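A, B, C and D are the chain letters, set down in written order, and residue numbers restart from 1 in every chain.
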């Protein structure tokens, strides 16, 4: 075949066939016939270091996954235009009727960094990125109002603020809000530390990010 | 903690810490310090049955991943509005300077099915999905012009046509086109069969989808 | 006379004078004095094999006929420019107050074939044809969404879809829609098979094309 | 069938099947298989009293027919938009390679009358008709410059002038002009008198309309 498909990817796919597919074969055959019924949607970053299926160690059929730059949820908008993330949220809530939506931020997020570096400069990184990460503006405003002790790691502070804002935006979708109010859907914030593998989860009352596993929990 | 984070996810994360993280610990520590340098971007579907890192059997740091409904690339547009997928493509090409972009479709795609089922009906599944999958319209037109022998599986024909259209749309981004013309970037079409695990790759000349691995190649 | 008018046409006109005109002389004299009052408008193709007056076996004064490539009705458009077909529809509905509009497609339509052959290629047949048959795009989308059993004859499927789309477009003209709603006008879809002479009529409820004459009806 | 297709038309179609189709059956079967190869294109009016196939007494496959209000040819225009008549001309010349184009006007033309009645008034007959028959403006200017003896029948004078202008406009299409210059295509003006059945043909040198058949010719 006159294709120049990357050899590394083809080789990786070969390993998948021998390992991953063999392991999940029955599940995949069943999923192909009966369709997917994931109970969880994850909104995560495109970052190559953050794979939701990896972090939650799940096989096929478990997570409905949106990945965009900086794991952002736009606010509900009735304007024209193609809203990819909004479409995915609508599909997850209305069609798949997922029970949970997890917005998962992460450390060293390049989208957050681009926002912090370009806010006072021309959008050097380009027209689309610049406009997309404008969605972080409310998070930046929230962060600017934090007490000083929260600002010793401004990159982290904005990563957290970004997740909080995305959760707020999620609730602006009438069908999300209705499902949450009816108790049929829960929304969660999370944050993943690439280097240490630590996952933190947002406490919905305090809006603080706490370790997902209590101390000692990881040795059970 | 007053969180109601799903127990299944927390348990899965516990398994990840003991297995996935242990396995890739060094890589992740290094990736946290030096940043990501993926050479491949994959544009894939949100579908819970299609995980690019799984299909290509790669660890953290390898794939920059966009996932949206029906793995669509919008055409280059200079209009206002937040274009999440376009922002990710710009980030991958301009900032990360990836060498390959793979648009990966898949069997039983619910976005494609929604398009085929709703084109002549009210967009019952909602406003965002309806507008988003309008991006499939050129693919539908291409499909309507296919010879009859390509139309015996219209769902598959449109899945293929959708990938081809996304590849065309990719080339409408000036920075993508420039990188491809300069030989610095290659774009690829692929299609994954959930049930059989088969991956097909588009021949760029014939635009046909052929098995990624030649017969017998998967047992080497 | 220094004319080079085709001899065949002149000879044909001679035959008309002896046959057609003699037959309809009174009608034509009356029509010349009192003007036309056709109750039916037919929108048909330029194709030399499809003559509405022939297929409906009517004499002068019966059918107000638009003929364009692929019997297309454009959607109502308020833009500048000369819209010949729209002007004819307006004349038929507002001035002549016709009671019926029949959009008649036909087999082996070259306009439909040109669309199917050129959609993925340069519009080799030229700028005007290419732009004109773009009006078939919504029909192509509708066709791409048909169940597989409708796609075994894609040329026919698109001929049908083209008629359906033209009927939809007809209703976008406010004066057409108002007349239909008031019960003063009916719109019909039809399709003519050149080889067999069969005429099919669209059932307005199912949108299926059925034989115009029930079995045996043609020998009454 | 739940159709309300006009009974008159269905009955007429029944007569066609027994007469017209039987008469031309072999020709139609052949035309369905081998396609159309008409050597003549006729641009005629939608008027129900003017049927080109009738006036030239020809069967299926002979005439490629455009019919629009007032048998007008727009000038060649490179603007966007759907130009139905231009598309048909292009198809006839480039694809079918017809040898003759006949622009056929006729007596009591409603389009010409609408122009003459509305030129100094609001376009009471509507937006599309008004814009379409603006194509007659150059014909009106030409007519306004005629000597007085040509103006005793201004309706006729403008019908003639309209045909002359359409012939001029035809030549503005580069592919028409090239074919005419190469001797591969001839363009003709004609005018049909509904009441008397007389056909007049334009002398290309004098631009006068003369009887198609010389005196006595009709009794040969």
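We adopt the following convention: contacts are C-beta pairs under 8 Å (C-beta built on N, C-alpha and C of every residue); 3 or more make two chains touch, one makes a residue touch a chain.
The structure displayed is predicted, hence computed values, not measured ones.
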Subassemblies held together by touching, chain B left out: A | C, D
item	value
Shared interface numbering between chain D and chain C [over half = same, under half = different]	same
Between chain D and chain A, distance of the C-alpha-averaged centres to the nearest whole Å	64
Whole-Å separation of chain centres (CA-atom averages), chain C against chain D	16
Whole-Å gap separating chain A and chain C, where each centre is the average of the chain's CA atoms	54
Where chain D touches two or more other chains, by residue	none
Pairwise touch network: line, ring, star, complete, or other	line
Pairs of chains in contact (touch as defined earlier), listed by label	A-B, B-C, C-D
Contacting residues of chain A [partner chain B, same complex]	1-6, 8-10, 12-21, 25, 28-29, 31-33, 35-36, 38, 40-41, 46-51, 53-58, 60-69, 72, 74, 78-92, 94-95, 99-100, 102, 107-108, 110-111, 114, 125-129, 131-135, 175, 186, 188, 190, 193-197, 199, 201-206, 210, 212-214, 217-218, 220
Footprint of chain B on chain C - complex, ascending	115-117, 119-120, 137, 139-148, 151-154, 158
